[in-house]
Amino acid sequence: MSVAQATTDTAVPAAAPSRAAGGRTTGSVTGWARRFLNLLAITVVVLLLASVITFALGAMAKTNPAAAVLGETATPKDIARMNHQFGLDRPLVTQYVDWLGHAVRGDLGVSWFTTIPVTDSIKQALPVDLSIAIFAVVLAILIGGAAGIGAALSNGGVLDRAVTVVCSILGTLPPFVIGMALIVLFAVKAHLLPAGGYVPFSESPTQWLRFAALPSLALSLDVAASIARQLRTSLVGALRENYAIGAQMRGFSRRRVLFGHVLRNAAAPTLAVIGLAIPLVVGGAVMTEKLFGLPGIAQLALDSSEKGDVPVVLGTLLVTALVVVIASLVVNVAQTALDPAARRTSDAAAKGAR
Amino acid sequence: MPPQPDQTAPTSYADAARTLDVDGLQVSVGDHLVAVRDVSFEVRRAEAVGLVGESGSGKTLTCRSVLGLLPESGAVDAGRITLGEGDRAVDLTRARRSEWDQVRGSRIGAVFQDPGSYLNPSITVGHQLVEQLRVRGGLSRHDARSRAVELFGEVGLHNAEDVFHQYPHQLSGGMLQRVLIAIAVSCEPELLIADEATTALDPVVQAEILELVARLRKSHELSLLLVTHDLAVVAETCDRILVMYAGEIVESGPTEAVLADPQHPYTRALLSVASIGDWSRRTLEVIPGQPPSAGERMAGCRFAPRCRFATGDCTAGPVQIVEVAPGRAARCLRIEEIAAQPNDARVEVSA
Amino acid sequence: MRTLKALWAIPSCRFAFAVLGLVAFLVVFGGTLAPHDPLKQYTDQVLQGPSGDHLLGTDYVGRDVLSRLMAGTRLSVAGALEAVAIGAVLGIPTGLLSAWMGRIGEWISLRVADTLMILPFTVFAIAVAGTIGNGLQQAMIAVGILISPIFYRVTRSVAMGLRRTQYVEAAELMGATQWWTLRKHIWSKVLPNVAVAGAHATGSSLLIVASLSFLGLGVQPPAPTWGGMLSSDLGYLAQQSWAPIFPALLMMATVGSLNLIADGIRDATGQRRRRRGLLSRALRRGDDLRVPPQRREQRKESSDAAAA
């Protein structure tokens, strides 16, 4: 990209001179870096705030380990001893810093009742929710994507209206009712799939699929509806854009225009919808767990919540928040990669590095 | 100046193969509003035809019909559009999507105003050309890549290798139009349609693009259908001119002959305005009144309300387009009377 | 008042008002008018189908479903409304203030909103129940806190836009106190947006409250709620697979009506889904958010077209 080759103004990349001079490239790099740093700062702050909220809940707890474990027979001496054992007699700030320091290293304390490390219990329960949630997101993308594309293509037609109606209805139902309907249809009436139970993926993928299918489907429909709605809107808009007409004008088939050109540009806003839905999916996974009797985080959290086992309860909340933040980060990065305006800067940065 | 047959003579294309034949085209938009009526013309091999008219005259709808890209509410009601001759003839008015896909991009290329918007914003321009070459040109990945760079050079893009990796928003308007032209001619089409392709560009770039199109026409034996509101562009580029007014062709003929000696009162008015200055405004203030809106029903000549030569006959019934000299035609009943007027009066239209 | 009239002109909103009127009636009189005691167990009539005596049948311990549905409306709706009220109280003032808080305060308040938005309702409510205690109040406070970012964001975006508009600047220049500026000029713009957000939030909150009762959080059995009824139906799907239909339908109608009204307010007050549209409108028309009738028609058509 030498400037010397630039004989006429019009036939040279508009940015060539400044880029060759290096001005623009550095600008793009800092732009990209700033974007990344900003995202990082937000992520860290959000996680910190989540930990503060979590810890504050623990600090407000009416229960203390002695009363919880020993019951009414606990003497003040016992309580003091237990409080000291769990470090509850220290100032709150010290407790928080200590708790956070351990949490960062993966130590969330031990259960007041069983003294099993909280991390171990969560490690056992989390894969259930994660596998269901990931499968649900995949299903949601497939179902919502297909419905959205179909609706956009039949813009105003029967399929379009059907998708709109189904999406509106799904939006007025709590997710567990959808799950109940699926149980009735697939388990009670058709006897196709089990209504509950679980086999870990690592044990038998096919069995896992059998047990995970209904929970994941139940969890996915809500998100699928949001995806379908957003995708339909952006596709209908994009299909009217000149570049879609341009692709058609160049003799590209319907399929190529849709999948090669339009979908790629309509995907970014749809990804944003998926990002917003992640807390719902994770929260919904908890619901689905109860609905289908899965041995996951919800089971753990509900059991310990009933007993007043504060460390376990706090651990589940913190880990859930972490999962949501990480998933949101992934979506955010994917969105950045898909967004043409964002790609411009990263592309220029890549060129500068070359 | 009486009609001079010798000026209409150099239609060397009359014997050339027919690239495009539009016959009796009628296009309606919305609720059966006829926006284009009785449009017939041909484009011969390697010939350049200019379709001129104000905005709303139906010129863009005409060229969109040829591309099969009418807006959702538009439809071809009558007439026939045939591409090519003999074995290669395709009736475009009856084409299905799969047939269109065989024609567009391969046999008809097109460039428009605002070229950037016709390119995918999130794909590099190089890849968009490569895609065209692979999908419609049938080249391998490797061949398409090298051919693309070659084509970019051919359309006058310096640093073709660099341009290859640019996204549309990184290029200037003139460069984007070159990219679009490269894509349009990449599969050796018979016909290139340019709809206001140079309108938004600054004069220097516009001249360069026109020069490029002229060069490509020669080297590729390309027929050109140039749609524009700018008579100067047509005068420079085209062999023949078609003047559209309110959805009809009112005059056609070899460019030089028509410009030198217009027959239809509207063409006369147009030329007088054009010589005064830029008439790219929506309404021509020098010609009294406004063109009828698309689809307005009128019994006779659609220019009659604004024409100082109009008589009762003009508005009584449909006026046919008739040959006034070899290769020239006009849609006017009073050509001879008008021709008999002194020159000044003929040009001046206001009543 | 004007907005209400405009809403009434939209047929779907009229339907929605009718449904919500019925729900409101049930909230007040549902318990009194219930044909049976919602807690009374007719042990000899367990899991019965609809009959003359029990119009919607009985549940697994023989309680009358219709009576439970009617009596349960109050707790279900009241819980949701309480959560929304808490959310509004927390979200609206902070949202308004954030526009005048300076960059650092703004950034922090935004991050707090982010954090509350990533916490899943169910897990947070479980944690609240496990630490502070399990009860209706605790659950609703938890939901309210997590709902507050909705109000915060809506209020903030309107306030941010209006802060930049000229007449607010003019008022500040002319020496109007900030409080006066807020009250006089901002509130009339914020209100319709908050109304839309509130209607949506009430719908969501109904669903969340039902979900929490399903998990055994919030209202404790045997007190009847919609979510609790659905929860208890779960165990008997094999015997009575149609039982969840009644509470689900009632919930669907309520939430659906709230969504319809939210859309209606949006149309009637001329709000656009995009902020830019709203702002340019606000700029053009000053204080008056009324829309001339023919414009309303146009907008309705265009929004219909967009929805179709």
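In order of appearance the chains are A, B and C, and numbering begins at 1 in each one.
In this section, a contact is a pair of C-beta atoms (placed from the backbone, for glycine too) under 8 Å apart; a residue touches a chain by one contact, two chains touch by 3 or more.
Everything quoted here is computed from the prediction, not taken from an experiment.
Just to note, of A-B and A-C, the chains joined by more C-beta pairs in contact are A-C.
Of all chains, the one whose CA centroid is most distant from that of subunit A is B. If you average the CA atoms of subunit B and of subunit C, the two centres end up 58 Å from each other.
Inter-chain spacing, taken between the CA centroids of subunit A and subunit B, is 53 Å. Separation between the centroids of subunit A and subunit C, computed from CA atoms only, is 24 Å. Shared interface positions of subunit C, i.e. residues touching 2 or more other chains, are not present. The touching residues of subunit A, counted against subunit C in their complex, run 42, 45-46, 49-50, 53-54, 57-58, 60-63, 156, 160-161, 164, 168-169, 171-177, 180-181, 183-184, 188-189, 195, 233, 278-280, 282-284, 286-287, 290-291, 297-298, 301-302, 304-306, 308-310, 313-314, 316-317, 320-321, 324-325, 328.
For subunit A in complex with subunit B, the residues that touch the partner chain are 1, 5-8, 10-16, 241-243, 245-254, 256, 260-261, 264-265, 338, 340, 343-344, 347, 351. Residue ranges of subunit C in contact with subunit A, taken from their complex: 111-112, 114-115, 117-124, 126-134, 203, 207-208, 210-211, 214-216, 227, 230, 233-234, 237-238, 241, 244, 248, 251-252, 255-256, 259, 306-308. Subunit B makes touch with subunit A in their complex at residues 67, 69, 97-98, 100-106, 110, 112, 114, 117-123, 131-132, 135-136, 156-159, 162-163, 165-167, 169-172, 174-175, 178, 183, 187, 204-205, 208.
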